[in-house]
Amino acid sequence: MQEFEPKIVAFVCNWCTYAGADLTGTSRIKYSANVKIIRFPCTGRIDFMILMKAFENGADGIIVSGCHPNDCHYSTGNFHARRRWIVLRNLLNFAGIETDRIQFSWVSAAEGFKWADVVNNTVAAIKEIGPYENYRKIAVSTLFNEEGASNE
Amino acid sequence: MEKELKILKYSDLPKMIEKFISQGYPVLAPVHKGKIVEIEYVQSLDSIALDVLLSTQSAKKAAFPKVEKVLEYTMNKAGVVQHPVDPADSKETILFGVRPCDASGFKSLDAIFGEGPSDQFYLSKKEKTTIISFSCPVADEYCFCTSVGGGPGNTAGSDLQFTSVSKDELLVEILTEKGKKASRIFADLLTEANSAIDKTKFIADVKVVFDLDSVVAKTTASFGNAELWLEQSLRCIGCGACAFVCPTCACFDFQDEQDTKKGVRLRLWDSCGFSLFTLHTSGHNPREVQSQRWRQRIMHKFAYMPEQLKVVGCEGCGRCSRACPVDMNIKEHLTAIREQVTV
Amino acid sequence: MNDLIKKVTQLLDDKTINVFIGYGQGTASRIRTIFVKNSSQVENLVYTSDCTANLAGYLLKHEVKKIGKLGILANDSALRSMMQLASEFQIKDGEVYVLHAAKDGSFTEFADFQSIEAYLVTIDTGITSDEQERIAKLEAMTVKERWIFWNKEFEKCIKCYACRAACPMCYCHRCTTDVNQPQWIPVASHEQGNLDYHLMRAMHLAGRCVNCGECANACPMDIPLNLLTYQLIAPIRTTFDATAGMKADAVYALSTFKPDDKENFII
Amino acid sequence: MSRIGVFVCHCGENISATVDCEKVARISGELKGVEFSADYKYMCSDPGQTMLKDAIREHKLDGVVVAACSPRMHEPTFRNACAEAGLNPYLCEMSNIREHCSWVHPKSDLTTDKAESLVRVMVEKVKKNKALNSIKVPVTRTALVIGGGVAGIQAALDIANCGHKVVMVEKLPSIGGHMSQLSETFPTLDCSQCILTPRMVEVAQHPNITLYTYAEVESVDGFIGNFKVKVRKKSKSLDEHLCTGCGLCTTKCPQKKIPNEFERGLGFRPAIYVPFPQAVPNKPVIDRENCTYYIKGKCKVCEIVCPTKAIRFDQEDEIVEVDCGAIVLATGFDVLKPDFFPEYGYGKYKDVIDGLQFERLASASGPTQGMIRRPSDGEIPKKIVFVACAGSRDPAKGIEYCSKICCMYTAKHAMLYKHKVHDGTPYVFYMDIRAGGKNYEEFVRRAIVEDETHYVRGRVSTIYEKNGKLIVKGVDTLMGAQPVEIEADMVVLATAGVANKGSEELAQTVHVSYDAHKFFAEAHPKLKPVETNTAGIFLAGACQAPKDIPESVAAASGAAVKVAALFSNDLLTREPLIAVVNRQAPPVYSSCVGCFLCQSVCPYQAIEREEIKNRNGEVIRTLAKVNEGLCQGCGTCVALCRTKAIDIYGYSNQQVYSEIMALLND
């Protein structure tokens, strides 16, 4: 059987983690290709619905990462983001959504190694947990079957 | 066709359901779901809620589901490729254990979806649905079927109607060819009934509270009576609960759900009670305030439908009143129109 | 009760208010909201232990506001909703005449928001023990069990939006679910659409919900929606020291922060 | 239908070694809306850019995706190229297939697949991009310099000499900073006061400089080019216009035993005082905490003796508003209180002092007139031990970094001591001698060779008193960790340089970031050493990290040039990637519901209230509005907005949504 290759999407801020991931590249540190990055100006910009959309569209895991506390390029965006994540994690967990599939992290522009670690550890963890079948089952794409079957 | 009367033993009901299922007819019937009663596919009589007055939602979803796929498509550089959904691709189904008001509600839907360019998605499902209704032995304060031309033993819209005539026996009225066909599946369980049996003795007595013609006439005349509609709807909060439980509300919306490569087109229930229902792209809303939306709801059912489709868009089931979070009781509102409006 | 009728009659007669929002008898044993516009209608007012509905939402309804100066019979939930609405600039002090109905059936007039705030610190703002139990039961489940639980609940949803319409804090003219560029929340009432809608709503009410229970009461399909937002009340209170609907000039828990906000999941 | 061009760069072999660039270009060409796709060896090269420009013109492209290195590297390059070809630069996006792909994954189909999906994401994003124009904002040509030490003085003078107005704010009653406390300076041993005082006076007299001493910054609003700063001028209890600085009050003040901060507690001052004789301005302030009048309600001796009647007991703090276009932070540093080394006995033994106290002892204007006398009994110490790295480079007890200036000043102290106490013996305990700098190593050599300072390589473990002597125990690691014990008369600790107390609060007030040690953070450690991450705010001197005088001055001049460059334009051009609240025709106006929860979330106070009025002038709606001068484009408001009424250019809801859809639906 082919090994499960999780789809992981990373939502990162431009100033710290994106730059940190650049440094990972510049330093030629290797990490798993499963993770693909979407750039945001700040973690403060990352709407919780973005995370929900990721699961809906087939993500098995999500990384959300930005500047360490006190390092935000916009001084406080990450603090606001952190509050939202605290609440969101509570809600998602209570609603039965597997929050262990979401890795939140602070990775600075200087932490090229840390970025590689975060990625590799998340990939390993998601491989362990397996594909997010539960979410996949309710996704809109299940309505699509090219056979035109009726519903309900 | 001429109505036929038969007798079925209560004790044979499980066998009847088994026969339907074993012969490949899915059975939709009311089912207890916590405090509410849903209409769902069942596998045996056990799960069917025959003891309830009415299911929370009407039976309309048998032919008009809340989400219905009408098209699939794929997209590529060259353009869009359509994969139509065949409206006829549905199974013959038994809708069992619903009330006369549910069954007659389909008459309104037939009129709406059958008018003009006929709606094959609805019609083919409806065509393949055999409706077995149960007459009502009891009614509650929300019921007013007799005021809108129906009744607890009304057979309009039903293919078969069952009436409890004793502790052990059900009177089976075979009303249509579809009903006849369905009855053949369990013909061995039926015995002849006494043709003199008086069904009305076994059904609820629902008082007529208003004269329908008068309500229709007065509603028709009240479009400009803003004060009336405002007064009636002041506590309306503009949700769609009434429309979504209603057996005759047929408004719908189309939505495409797609990703970068493929999509589906869905037909979804909609409600004239929503402010978005009439909102234009420009920002203009011809029904700007809730009273205008309430007016639309009442007028659609009691003025426009009688005028255009020759049916009243209400079965008097009272579901909207039961479901309303703020206790808007349609029976009261219609009575008020009857009493307050002078033509 | 007579106090109430006397007071409202006086308020209407001396034109302090143009309409009083209170409770009246509804269908069978139900209680419904009534709008008393003149003293001949005051006899329709009732007040019983069943008068638990939060009437604050009507303070924002366009057609109600148009009648003129509003008076309201506010229970504890309504008072908290009003404070939260004030903190979000939806109502102003002095705009509404507030008669408070205490649980013991007595009526007090609140002259201004400050006196409402002073009263609110004295009451129990927590959720009921029954609600706590239901939440605890869910929390005791595994995440997969909770997923199944909520899937079954959301399956029933027909997206009539009664929850949203009944919630005093859902006053947005254009809800996220109505935004279609992009269509964040699928309009359809299928599993995904329902889950997205309810999570979005809960998240938007986090730190704003005053646990009045109107959403769950309004739901014709009997979905315990209130548990979603109620569950967030405790962590928001303990982690951020914030409780919704206590102060008219409160800063929303999610639009502020402390540099040392505690969490244990960010690496 | 879009007409997008995709350009895949090989970056020599940096990308093509692991990614099949031709395939990426080919597959991307099949995407809906892609009109043209190509791959090329070096997209950023001249021919690469020409190819891009030609393709834009030839294929009438309305969007460009360059799949190459990080956008942090070359986004401006390609956006400029697009602009030159007539395409709005904001219709160009980059896919990072080098740093985020080719460099971090091995050569494989998976790597190429990933590159393809990164391109697909940007193709979908760019379809939703909007043509944007840069924002122009006016510049107020006044600079605010916070801190009046040598760095602040240098920055202020440089800016003022360029012809721009400067407002300098100093929290103490006099400018001068730490440098004014120093005796002589390394490596030339010229007198600190002699070189600093003229510059202090120049500041006070410069027609372009307004000086507020005894003042602190209360709040900073606004943005680059347009800051609005509130400065609290603390009450000096004095009418400065009337005061002639005669000093009569200070001599007559009955309170005389207040530890003198300037002398680091080695001397006393009255309650009405001038911090030091050369202070600028040379006018006293009343220290209300220690003034008899303010404590007991009577005294007023100063008022009685003042010949010009300048004393104002009821004077209140004054808030001054300063409009400025740039801010220079020059708030300096502090020295670590040595109490964290209880075994060194600081505070317990009077003759264990810190470096700054030694400066005062060595200073001709200090409490001992420059004689090295120990604090306990005024005796001249014959044996003196200097402990370098007292707290620096000590992650366990002190701070992990090197304070940088201690090696040099310790050498200086040893020399000054030897020059003043010819028969004395100086010892220095050190870890390493860091003397990088012009004439620095030579200077240390002189201390060792000419002034016979005994340098002991090793750390001091403990200091205790025995028979009137301070016993300094340590090891000499160059002698095989041999224990060393010195009976000293005085010990000087070269305590670590740390961030100023309150620097954290100031950083938050001014909206700049700071590092783990609370020093203000530069925008880039190498290429933007005097800029902060907040546009228009610059750093000078030791508020950024420990710095010696020449470095502080150089940084200050650097910051001054940045300010002058900023002030050289009438209008500032800003990136238009900012938030915006939607507006629609009446009766909707906006989907904003006016809850203003976005207001407190904004780090820049950029959310304003806009009142929508009807024809009668009545307010019918109050809506949020983004001040495009203030908004920095973090998007925190966007994520919070329930109605999605706020969106942000460049990272709009539509763009982000499209990116996720494209990324996950392959």
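Read from first to last, the chains carry the letters A, B, C and D; within each, the first residue is number 1.
The rule is simple: contacts are C-beta pairs under 8 Å (C-beta built on N, C-alpha and C of every residue); 3 or more make two chains touch, one makes a residue touch a chain.
Owing to the predicted nature of the structure, the values given are computational and were not obtained by experimental measurement.
The chains that touch chain C as well as chain D are A, B. With centres computed as the average of Cα coordinates, no chain lies farther from chain C than D.
With centres computed from CA atoms alone, A is the chain lying nearest the middle of all the protein shown. By count of C-beta pairs in contact, A-C exceeds the other of the chain pairs B-D and A-C. The distance from the centre of chain B to the centre of chain D, with each centre set as the mean of the Cα atoms, comes to 71 Å.
Averaged C-alpha coordinates give centres for chain A and chain D that are 33 Å from one another.
Per-chain CA centroids place chain A at a distance of 45 Å from chain B. Residue positions of chain C touching 2 or more other chains, listed in rising order: 176, 184, 186, 190, 193, 254-256.
Under the contact definition stated at the top, the residues of chain A that touch 2 or more other chains are 48, 53, 57, 70, 76, 80, 84, 140, 143.
Annotation for chain B: residues touching 2 or more other chains are 66-67, 257, 259, 266.
Under the stated contact rule, the graph of chain-to-chain touches is complete, every pair of chains being in contact.
Chain A makes touch with chain D in their complex at residues 7, 9, 14-15, 18-19, 21-26, 28-33, 36-42, 44-48, 50, 53-54, 57-59, 70-77, 80-81, 84, 116.
The touching residues of chain C, counted against chain B in their complex, run 26-28, 30-35, 57-58, 61-64, 156, 158-162, 164-166, 178, 183, 186-190, 193, 214, 217-222.
Taken together, the chain C residues at the contact with chain D in this complex read 88-90, 171-176, 179, 181-182, 184, 204, 251-252, 254-256. Here chain A touches chain B in the complex through residues 57, 140-141, 143-146, 148-152, going by the rule given at the top. If you check the complex, the residues on chain D that touch chain B are 30-32, 34, 120, 124, 584-588, 661-662, 665.
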